[in-house]
Each structure stands twice: as C-alpha cells, then as structure tokens.
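Got a structure for you, written out below as structure tokens; questions coming shortly.
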C-alpha cells in the first residue's frame, strides 16, 4: 500500500538528485584508490538511502519502518564516510548534500520511533535509550563531517575519531588521572561533604534556633561562587588530592544542608499529628515519617552534588597538583595545544559524570519509588 | 509582624557572630605556628596576648582575620579609582558583564529549547536526555580550552567567557521552562480545546503565563551558575581582569588577603544578582495577580 | 408524561434536537485491558431542555459530556450536535463548558478570565466589554471585575467560570459537576440562580451531578446511569413546574421523583455487588 511520502523522504529524494550534479562527492587522490571503488561506494550509499525512502513510503508496520530506516540511514552514512577517510579536506559540496539526506532519514526514523508505544517494559526501555542515542550519534557524525570535510584546524576542534584514537592510545595515562582525581579527591570529598551536610541538617532540625540561623546563611552560600575557595584550599592542604577533596567537601556541604532541611519540612501537620497521637518521640517521628518524606530532597542534593564534586576537583587542580590528575592534564595539554588529549579527558570526565549521576538516579528510583514523579514512568 | 521578623533576624545574627568568632579563633590557630617560627628566627619572645595580636596582622597570613579582609575590601572598593587595576569594582564589573551576557544568551536559549521540547515529541525524546547528560559533564573543565582555542582564532574578551556562562545557565532555564510550560492542568488545556484555540493561542494565553513562576525560579539558579562560569573562565592564563584573575594572581603570590577580598566581592556580586532576579520576579508576579505571601 | 408540551414558556411544539446519540459507545485502552466507559447510549436532547446525568463514579456521565464536547472520541455509534459532528460543533463554538473546578487563570482578573474565550474567538474590544459586563451581571458578579480569582470565594469563582462559558453566547451549556466542590448552602443558592439563568437565557443545559436532590431540583429530564459498562438505565421526565422555589424540595411530587431516581441508581448498583 502506498502512503503519502513523508516530507523528510521527499526532501531526501530531491537532495539525492541534486547531489548527482555535484559528482564526485569527494576528491580522492588519483594515486590512492581506483575510481571503481568510489563508484561502488556511491552506488551503495544511494542504494541504502533509496531503500530507506522506499521502506518509509511503502512499509506498513511502523516498527519495521523504523528499523529499516535506522539501518539504511546509518549504513549509508558509514559508506559515505569511507569516501573521505583518506585525508582531510577532500569533501565537495555533494558530500554534504548526501549527508543531509542521511540525516533527514535518521530524523524520520526518530519521528517514527517516537510515535511507537510499545506494550512491554523492555521495549519502552530500549526505545528510551535508542532515540537519544541516534541524536547523540548525529551530533558526532556532523562534528566529524564538518571538521574533516572542511579541514578545520586540528587545534580548533579535533574530529571525534581523532579524540577516540587518542583516548585508546593513552589509556594508561588517563587511568592514572582518573584514579587521582575521581577515586581519591572526588569520592572522598563527596562522601564527607554529603555526610556532614546531612548531619548538620539533622542537628539544625533538632535545634530550631540553629535552623532559623543556618538556613538563610546556607541558602545564601549555595548561591555563592564557592569554586573560588579552590586556590585557598590548595594553599592550605597542599598539592595532593587532600586539597581537592577539601574543595569538594565545601562545595557539596551546603546543597545537602539546604535540601535536607527543606525536605524535613515537607510533612504535613496532619501526618505529624498522627505521629503525635501515637505518642511517638522526636527520633521515631524522624525515622518513620520525616526522613522517608525527605528522601526526594536528599537525592536531589546527591544528584546536584555529583556534578559539583567533579567540577570542584577538576577546577581545583588548575591551581596546582602533582603531575597527575584530570584537571592537571587538561591545563597542561591545553598549553601544549594537544587538544585531542584535552577532549579525551573531557570525554572520560563526561562519561564518569553521567555514570555517577545515573547511579545516584537509579538508587533514588529504588528508594523513593513511592514519589509521584516516578509513578507515571517519568523520571 | 515585627516579632516574626525578630524571630528570623536574631538567630541569623547569632550564627553570624558565631561564625566570625570561629573565624578569629581559626586565624589564631592557623597563623600561630608560622608566627612562632618567625619569632624564633628573629629571636623575639612574645607574650601570648602579643602573639595573638601578631597572628592577626601578618601581611601574608595562612588565614587572614576578618578585619584584614574587611579593610582590604574597603580600600580596594571605595578608595581606588574605578579604572584602577587594583579596584575590586573594576574587576567585579568585568566579571559582571560576561556573567550578564552569558546569562541572557543562556536564558533565551533555554526558553527556546524548552518551547521546542514541549511542542515536538521527537525533540522531547531525543533532546531531553542529552540536556540532562550535558550537565553531568564537568563543563568547567572545558573553560581553559575554550578560552585558549578561541584566542587562537583571535576571539578574545567577553564572548568566550560568556559562552561558558551560557552553557552553565541554559540548563536550569530549559529544565524549569519545560516543567513550567507543562504545568497547566489538563482541565485548563481542555478548556482551551473547547474554545477551539490554536496551538499558538494555547501557548501565549495559557502555557507561557503559567510558566512565569518556574522561569524566575530557574533564572535564580541560572544567574548564580552564570557567575561561576564567568569566574572560572577568567582563570586560564591570559585573563588580566576579573574576579577570577584576581584569585589566580593572589594564589601565585600567596596574597591571601587579596584572595579573600576577591571572594567577598564575588559573593556580593552573586547576592546582588540573585536578589535582582528575585525582586524582578516578585514584581512581575505581583502584576500577574499572584497572592502576596 | 409529556411535560414538554404543557410548558407555556417554550411553546415550540416539536423542539428541534440539539444532541442526538445513537448506539454511542466508548472503550478506553488501558494497561489493564479495555474499559467500556460508555455502551449503547441512545439519547435525544431537545432545545431548551435541562437534562441532568446522574450515577455513581465510573458510570460514564462525565465521559458522555466530554464526547459531546469533542474532548473524547467515541469508538462506536454516532452522535450529532445541531446536526454536526462534535468536532464541527466545537470548531463553531457551539457550546460552553463548565468544569468541576473553576479553572480560572490565576494571572488574569475576573473580567480578563471572562474575556479569554472572546479573545480567542476574535471579538472586537467594544463587544468584549459589553459581553463581559452583561455576563458578569448575569451571574451577579458586577463589581468584581478587577479582582483576581484568589480574592473570591469558591462559589464566586465557579460563578465566574459560568460567566466565562456564557460570554460567547453558545446555545448549549455543558456543566460537569460544577458545584460538586462547594458546601451545601452555597450550592443551594447557586442552583437557584442557575435555574433563573436558564429561564432567562433559554439555553439547553446538560448537567452532570452525583446529588439526587440537585438533579431533581434542576432538571426537566434526569438520565440515570450505571457503571461497568457505563450505560443509561433510566430516563425520568420531571413533573415539576418550571417555576421552582427552593422549598419545592419538600413537596411529595419532588420526593416521588427523587425516590424513582434512587431506585434507578440502586438497580444499577445491585448489578455487580
């Protein structure tokens, strides 16, 4: 059954036709490859794209349309990139036109997948992962195409592939940096900062005078640029990880304090009156009612702090470290204009940061499953 | 009313006094070892009272006393010409300008992203996870590189720093606005549906006004983040002005008093900015008929 | 039985039908399988009628109203409003809808809230002013134009939302438990005012409620519904006169109708107990 052509497919067809007038797509050095290879690649790229457009137009099942579009758009992209794999700056306008067609089909694919409503939990999870993954992949693809195709100076913006290569070849250096920054400074500081903020919040809650005094100050301090204390901490605690941990402690303390105090105040009078009718003491009320109710707030602070901790440790290293650490590596490699190494460190920091955050979010889900924000399956 | 205010002010004052007292005690204990060391070399013997005073007046103390910071701050704020390189107002102004530029761009960007996310399912499902992920990235680590790299293409001054502020401030706005634009209850959306209102009418008459409280709440977070971005953007070598460069210079020459004064200046800027957003928010919401609290 | 003909005020002999549903059904697909919210509803509502829908929760009375308003799409049967599909009727702004809550926009004053549909439908400024004044007077809210919703009591807020529904002069008024959240005394008062308003404006009103006295007091016809699946179990013509003071509720006639409604509700209930 023929359905209406989606606009993405329509534009893709027009782009493919336009690209035919722009051949060849890339200038391949004559000595390097036989023209026949380039022609085969071109035919493969066009074949996949046309197959994708066909699937979009003629296939019935939304699911299969999505899957076929996904495969066709991305296989075509892969083959397209083999055309400029040899050297930089060889892409001609046609290359981008065809790439735009690939992107449109990927967009159409995302649109179809977004409209799917799988019955099974597994299906929903896969979909929730694959849709943003396609988006992320296309950021990298366009980045790669622009940097390599236009021959953007390496120093300005290295292509993702170069960053990835650098990452693989410097794994041991990066591992040492991660060990120094994450496992020593961040982890120690995060645990101490969150724990002390939490304890301070309970204390402040126990003594209302302290709460009334500390809360406005805490609110104020959490808006301050606390990162500024980094050079002072380095001066006090030395170059090694202890000074970074100290920065992290200070940065994470106040968000935890303020959030926990706010969380302890969310229970309603009725809920507290119920505990009073049971003649429950302060600590019983705290553990049975108020702390569980404060759960979402505490986890909110833990999530905020997971990012703050990483930032604190890395920035503190800008002010002096032993010759290891992610912040140290970033600042020295910038000085040497080794930007690929900088991006590799950033990528690793991003992955660790996301894992850290994701881990906290998973624990949150397990502990505060009762909270309305989780009931509709929305995080 | 006045009793309620007294209830709030007295505990805060007591806590502040306690903090200052602890600070003074800390000054003594952190500076005393160095002072004793100094005295031993100079062959001076001091009484304990004398030693206490000496720890409060070191030129490069480990921890400067509150009054030292206050004096330094006062001198560098009010007694210097604003154009002077040593004036804190000058440095704060430099930081403030990139903070504000970054904040404005970030807020506009955040609102646009939120509008897109609320209106297109495919954007919601593909972009939203990345917006959250983007903030788990310690972006500040990128700051020196952004500055250096942009300097390599002759882009210096305000914009590179503002870009870092933009990155830090768009997130709270985007997330807050998505929440705000989705805050109208189903009953209100149904009402618009019964009027056969267009998407644009629903947006301008319902979603946007409903999101205003969310916008101001997230702008408060965003402007604080924006300031942090501007300060860190001033850390890499090459920056000669701004609170961040002042901090860095202080750390090079162990000018702790200067550093603390710069921190105080930064904190004051933060307080002013957050208060400004708060006040504008309160005025706008009062105009929109919010119940006075 | 046929009270319609004996009413002197609406002397149309064969009143044209405003709403007619035939074999109407609606099935929701939920995670726990399909739910029959409405099943085989056959109903004709004529111009100028005041029809109440009564029944326990889940009987589909609100769903039926939402189908009329094109807020839900039926899965079986047909329904027409003034001879049009619900969608066309909505696009022509054929009805005003009053929700369970007042749903006033907190950032708009009362007059601005009443102006909302007028702005959307593109009325001129002069006409807007005239209509706001007229409809606010109709619900006795003159003098409260510049107030914000939170400055009004719950009953006044609901009256403002009725003014909002009346402002663009649709002939059909759909009311979904509009007084459900109000206390008894306010409710009596508003019921009385609603009847006067109906008499003055000659609108057709569909009124969802779960209160038997309210339904009997207000309606010319009472549709009794029951759940699982949501369906109509009885349609009762009211024998009460159009002029109804509040103390009509103590008359034997009133109590007889109320008893019949109660019987109908009970019959529906015994079904699944």
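By letter and in written order, the chains are A, B and C; residue numbering begins at 1 in each of them.
The criterion applied here is as follows: a contact is a pair of C-beta atoms (placed from the backbone, for glycine too) under 8 Å apart; a residue touches a chain by one contact, two chains touch by 3 or more.
Only a predicted model underlies this, so the values are computations on that prediction, with no experimental measurement involved.
Shared contact partners of chain B and chain C are absent; no chain touches both.
Compared with chain A, the chain whose C-alpha mean position is the greatest distance off is C. Each chain gets a centre from its C-alpha atoms; the one nearest the centre of all protein C-alpha atoms is A. Centre-to-centre separation between chain A and chain C, using Cα means, comes to 51 Å. If you average the CA atoms of chain A and of chain B, the two centres end up 23 Å from each other. Chain contacts: chain C has no residue touching two or more partner chains. Chain A has no residue in contact with two or more other chains. Chain A makes touch with chain B in their complex at residues 107, 110-111, 113-115, 128, 131-132, 134-136, 155-157, 209-214, 216-217, 220, 223-225, 227-229, 231-232, 234-236, 306-307, 310-311, 314-315, 318-320, 326-327, 330-331, 334-335, 339, 342, 345-346, 349-350, 353-354, 356-358. Chain B makes touch with chain A in their complex at residues 7-8, 11-16, 19, 30, 62-63, 121-122, 124-130, 132-133, 135-142, 144-145, 148-149, 152-153, 220, 224, 227-228, 231-232, 235-236, 243-244, 247-248, 250-251, 254, 256, 259-260, 262-263, 266-267, 270-271, 274.
For chain B in complex with chain C, the touching residues are 185, 187-188, 190-197, 201, 205-206, 209-210, 212, 288-291. Per the touch definition, chain C reaches chain B in the complex via residues 69-71, 90-91, 93, 95-97, 99-101, 103, 105-109, 116-117, 119-121, 148-150.
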